């Protein structure tokens, strides 16, 4: 813990900050207390929001390429603090070191992407049908953006949203998960350092963080001064947030649950498929929104695949995520463990056959850490439990005979985040990514459903929320669009050739 | 009426269709019955939706450029029927002939635009950070689209939505306003003729129309099989529809109320401004969502402007919209008239001075037609009634001293649809369309707030709904986006340089 | 010939036009004289160009969507005249009926595409680094465009260029090949009819055609008043035109020779490959710039492929292209036949083995028609003659052992137009279209090198010219780009933070 | 000079490098020898080019976002060396310190822009007209790029080209002007340091510099292994390079002469105009390609403008560019001085009236430095000399009466690089940037013709070359485009509905 204190201090935490508060942060590894954080009072939220709005009026006037400079500085701070923030992520969420570092790298990547974007927030110039007229479309800053994140990507998801928001001219208010606020704070402090270097071109209140429980998020969701709410979490949460924001005519980016499948065809390279199953189903202890939850395998290669997968599972090292070589850390908390057990039971009740895993391990070393053997259940069909997202390393196996059937299974769940196919056959592959293929926001080929790069748009359809963040033109959601028709003639012709009076 | 019957028949109506139903359609001109339409039973809506879904499975597989051919044919049908449909619009909604024709022309325009789009539904190819990988983003058909429209654009708004939806691979279900179903039906029948020419590549159920009251719309809004609901109407309606669709993770395009202003600066060409005020405030009897509702005029030119505007108002010919030369037809119904009277009273109670208009006219000739003199009220400040959208030819005048103040007035209403400035000064003009300017979806220069071309994105911010239709990249809302990362190497590197196992 | 006269008349030719001139047009089918056309005097070229320039000054001011209407009308005329123009193409060039019709259809397609483009000639709005500044990029009309085409696509290539040029605001001057002027004239006359319907918004001289020999083309290439020369033809021609245009700082679109290959891998569907070989190598009697000239086949499937290809060649019906069922018409002239014979000799001298074909046939029926049996030559390596484009149905077969080698063969020719791979293996396919794959402008998968759709950019690299026409953003070449930095502040800050004085 | 030696050493020069060669580099300030550089032997050029080609084969396979990392590192090196490289630019070219620094800043800016681009080298996905087909367009690395630059932007122009080329996957060969090789070398050495940090992912030969005279450039221009030549310099040079590259079917980016005008209308803010004249005509001693060469002023404000301009000219401090406060440094060499004198004479012979300036000054202090008083000549009309680019601080004044006339004067020169208008009247401003306005590649409003930001496309029309570099989609020129039509069905339908056999 002394070491962890040093890490926090290097990340800019003052001792009082992590020792004198009412919010207890525990490590999922051993249940030890990592910090006692002060909570943001709910009744201060209006002031927080007002500060953000005031900052907006200044920040929107700062030219976008200058705003890009702030994000560049943030990227440098993240680069410099990569080891430390990665360590905090591991301690607080239980991710293995490599994944903790990878998460911070995503922040670095998005800052660089956003820096480039700062000169590319392109609208269109458009030819008018009227002489002496022209049309153009501009994208302008939108206003304060609330970023409400989940425990499983406590650093990267904030970076994704804030880098784009800041470049687009929007202040941010960050509400990290109460289960992983330290990682968020460390990422936020890197931004604060960048702001300090950036100097007085950044208005007070440009970036704010609020620490605490759901009521803080509710205040953000309900405020008419927050034109955009970006919320990552469960479908249950999205079903509440979506209508609330809609009822006040706000915009939202929802990144909710996934139920991500891999189709393995007879033409698959099974070795690659096995490795992708491993990283997909077991990485982050199955607690990514993009974790692999279903393998849909062709009957002819099922046995071969399962044999290899099980062998690979047998070699998995479960343990302290900070120890190099361990690939599976603990679940986030006891609730996660209980939910997994319940799903396992239901799955078996629905006809599933537990092929391996599911048991708690390392209970002696870590009586308060919920380490679990990744489980595989062979299902006779896609029953109710399979359509339900269990946030744990629990993989269902489904069997198919022809590809259309496999695609139907892939699509026949309420969620629509990610999916993939393993096949070397181009007809199979192209069908899967065609309009008749996967209905997910992401459909990959010969790589797993998880581990997206930041260059593409990230997000999914159906109960996943329908929105996108990160790359492509996701930045447009952080801006308001204005269509300008400009008449520089001395006439006043009407569109559609109308003659009025 | 005999003549009208011929028009309907030329548009493809069969006698029974418009004589034997429970829904009475009256002309706002004289209250005469135009038709008795059969209503779609609410309990048939599920079948309608199922047919649409079945059509989707076929239609999405038809290549987009082939789908474009259908829209081309529809454009030709609309072109051929322009006079007749325009006439129906005039009879049913009370628009003057020129505006009725202009509305059909919008349909022709959007069909041509959509035809071009059919080969330009461009996603992106994206460089991957990993060797032997590439990323691409495709846009695929989305599913059935419900198009729920208002009485004031009974033809064009359906055409806008349906032309894009059909090209994007989506079947449509059209629910026209119960106040103006004939125009919608006539437009729809043109589409049916196009489908007949297009032949059997169009699946049964590709385009359907349902006639009746709100419960039909509710069935569409609530169905999980309708991934996109495009609804045009009041903010009140949007406040209901938005959350309902959000709660089932559907998508929506909301085009709701506007409260559109014109800023007239000392550098304005007053002649042009006057003409734009006229078309903006009085055209369609003030019943466009983009109608001009507020003039924000600089104190130094206020008198000069008002003098000219009042003179122009004095020359307005009010009367039967089918008579050439008349510029102001009737309000849609008595409710509209009553609401206008109430707003006039409130405005005066709030300190406004009625400069002219507001009275009902032609009562003798048309005892059941609500013709009204367009009203102008000079307001001491932007009071509550001014922030409220009254769907009638009622124009408020506000006075300003410096441009920042005028822009603040422009923005200080709940709606955010359209706006404009009249000025020849480029610094004023550019400020108005800048990030510090109008917060509306449309901000025009030296043309009124209404009468958009179809090439730009149409729609507005805040209580207007936040969505866009028609031009630019509005088509993306009618498709689902899929991000594909494709690994064609024999390795399985992870993003962000992660090393797993 | 009476029938042909009727066709010409229906296409708008007056009798004097095709009977009283010095330019003799013969049919390659039987050498019969199709027309005697009047030639444009070289010394009138300056007047032609001046008229075009004058037309430009008017046409550029016509709004793009209005220009789109002209192209729409042209498309309708082409649609109406499809049978007749297709017939002329067959008579004049020797294409089979289906190909003649397909060529006209390309004209229809590009007109529709250009119609859509007329509202989508999008430049960009760009955020400036300076407060109170904005940047935008507009595309403006460029000026007169010379379109110089080859005999083999006497209708479509003009349509491709003219449809885009006209929508972009540019007048056109069309110089068809002296070997196929009738098809060009017929296509041009359809445009003239469209212009007549379009009315006086089209300036005199908007579209002009000049008939005759090379000096006419030279006048266009050398004129400083022609900012863009679009020339289709041989690499030899391009090597002259390119530098000439460059020396006067003009722009050019060169579509020159191709030497298009198909790679057939062990994972290919051989039936599909055979059919693609047939259409690719034999269609248009091998006289497309995209005709298949080389098959690069894996050693393991070579025999199987060649057996099927030879069988298919054996069933080819050679004969009058107007007779339904015939698939191979005559070569364009005796010169083409002689060149083919010479290439066959050289190929054999270089070690090639003539597998079949090469002989003249139907000499008795058509003593002046050069019908030839499509030839296949198996080459031991890619010798000099293989790297040379022979414009005839002469297919070389090359053998490979691993895919990298096949790609190297594909690329190791001076031309870079089109190419394709037949394989169901996605790793092979993706490699072929990757940066390490084909270096051609077009690289297709499981379709032949020829028969492009108009939605993509058409053209090739290296000696093919490097330019593009038709779809994607090829239209940008027909416009001039202007970057506008607009300062609407009252300050004058410099870029890069420079402080001057 | 000791100090300068330290600067060079800090920039990575070794003593031998700048003391032991045959190429003498002198400072235009005082004619002192700055360095003796070793020249690249002409007969080594083939080896240089071969190395570049070999590097290409490796570099193109490095994923673009990884290539972006190299450019990021280069940007950091430039940022760190900004003062030193800026100093070298001042010493070697005679720019004032602020401009030297600004030039390096452009390098930093373009590196950041290119970093963002590395994930945004977007091609398009395109819907096919055929079932089971899709089309996409990819941009792939092109090959070695030769960057031949002029003395006046010895650092930035290389950075512009190399940053884009490297991100696009192309090696670079840099040939700096023999008049300013040290600045180029210093910029190049920063790149070398970045490459060293980047490590072995960068192939040997990725970036090379060749030092010497024209024959080196010729070798690059003529080599078939250099697909893209980017050359900045005189129109005379472009007239040679363009055809040479065209004759071997290479691509080129030519940035040639400009003859940039400012229109000052009666609605101009004269204070701003005066400041823009000053920076435009006098900055860099009039030796920017975008320097202001012509003021086209409305008769009614001519006197007022000239009075202020002359007053401002009177306050200009001419002298050692390294001395803070000096705004005008020396001309590059005696030849430039002589050319200016000759133009002054001709201008007067053609009726011009020398208003002020033109004399050599500071001859005593700097007998070998050619400092000159910026000259203003009032011309009765746009005579031949005015249409000629004189690369010196020589400003012509032309008078106009109506704006169309002014625009005609603006356009009636052979060059087409940059232009601007000063006016607060939006009708004037918009006319100037419309299709009927300036025919230049850049048309600015209320800022001078020079000092572009890197976000827009930079370059000009007519004798300026017609190409673009820097922002917008200029990167496309550094890549090759490939159109891929992919058939994943089991059928082989042909485009345009053709039925073959």
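A, B, C and D label the chains in the order they appear, each numbered from 1.
The criterion applied here is as follows: a residue touches a chain if its C-beta (ideal position, glycine included) is under 8 Å from a C-beta of that chain, and two chains touch if they have at least 3 such contacts.
Everything numeric here is computed off the predicted structure, so don't read it as measured data.
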item	value
Chain pair with the higher count of C-beta pairs in contact (A-C, B-C)	A-C
Farthest-lying chain, centroid of Cα atoms versus that of subunit B	D
Distance from the mean Cα position of subunit D to that of subunit C, given in whole angstrom	36
Distance from the mean Cα position of subunit C to that of subunit A, given in whole angstrom	48
CA centroid of subunit B to CA centroid of subunit C, Å	43
Multi-partner residues of subunit B (at least 2 other chains)	61, 65, 109, 118-120, 124, 126-130, 133-134, 137-138, 426-427, 429, 434, 445-446, 453, 455, 471, 486, 488, 490
Interfacial residue positions of subunit C with respect to subunit B in the complex	65, 68, 72, 109, 112-120, 134, 426-427, 429-431, 434, 453-455, 471, 486, 488-490
Touch list for subunit D against partner subunit B, complex	61-66, 118-131, 133-134, 136-139, 423-427, 429, 445-446
Subunit A-facing residues of subunit B, complex	60-61, 98-99, 101-103, 105-106, 109, 124, 126-130, 133, 135, 137-138, 140-141, 169, 238-239, 242-247, 249, 251, 269, 272, 275-276, 278-279, 283, 316, 327, 429, 433-436, 438-447, 451-453, 455-458, 461-466, 468, 471-472, 480-488, 490, 492, 494-501
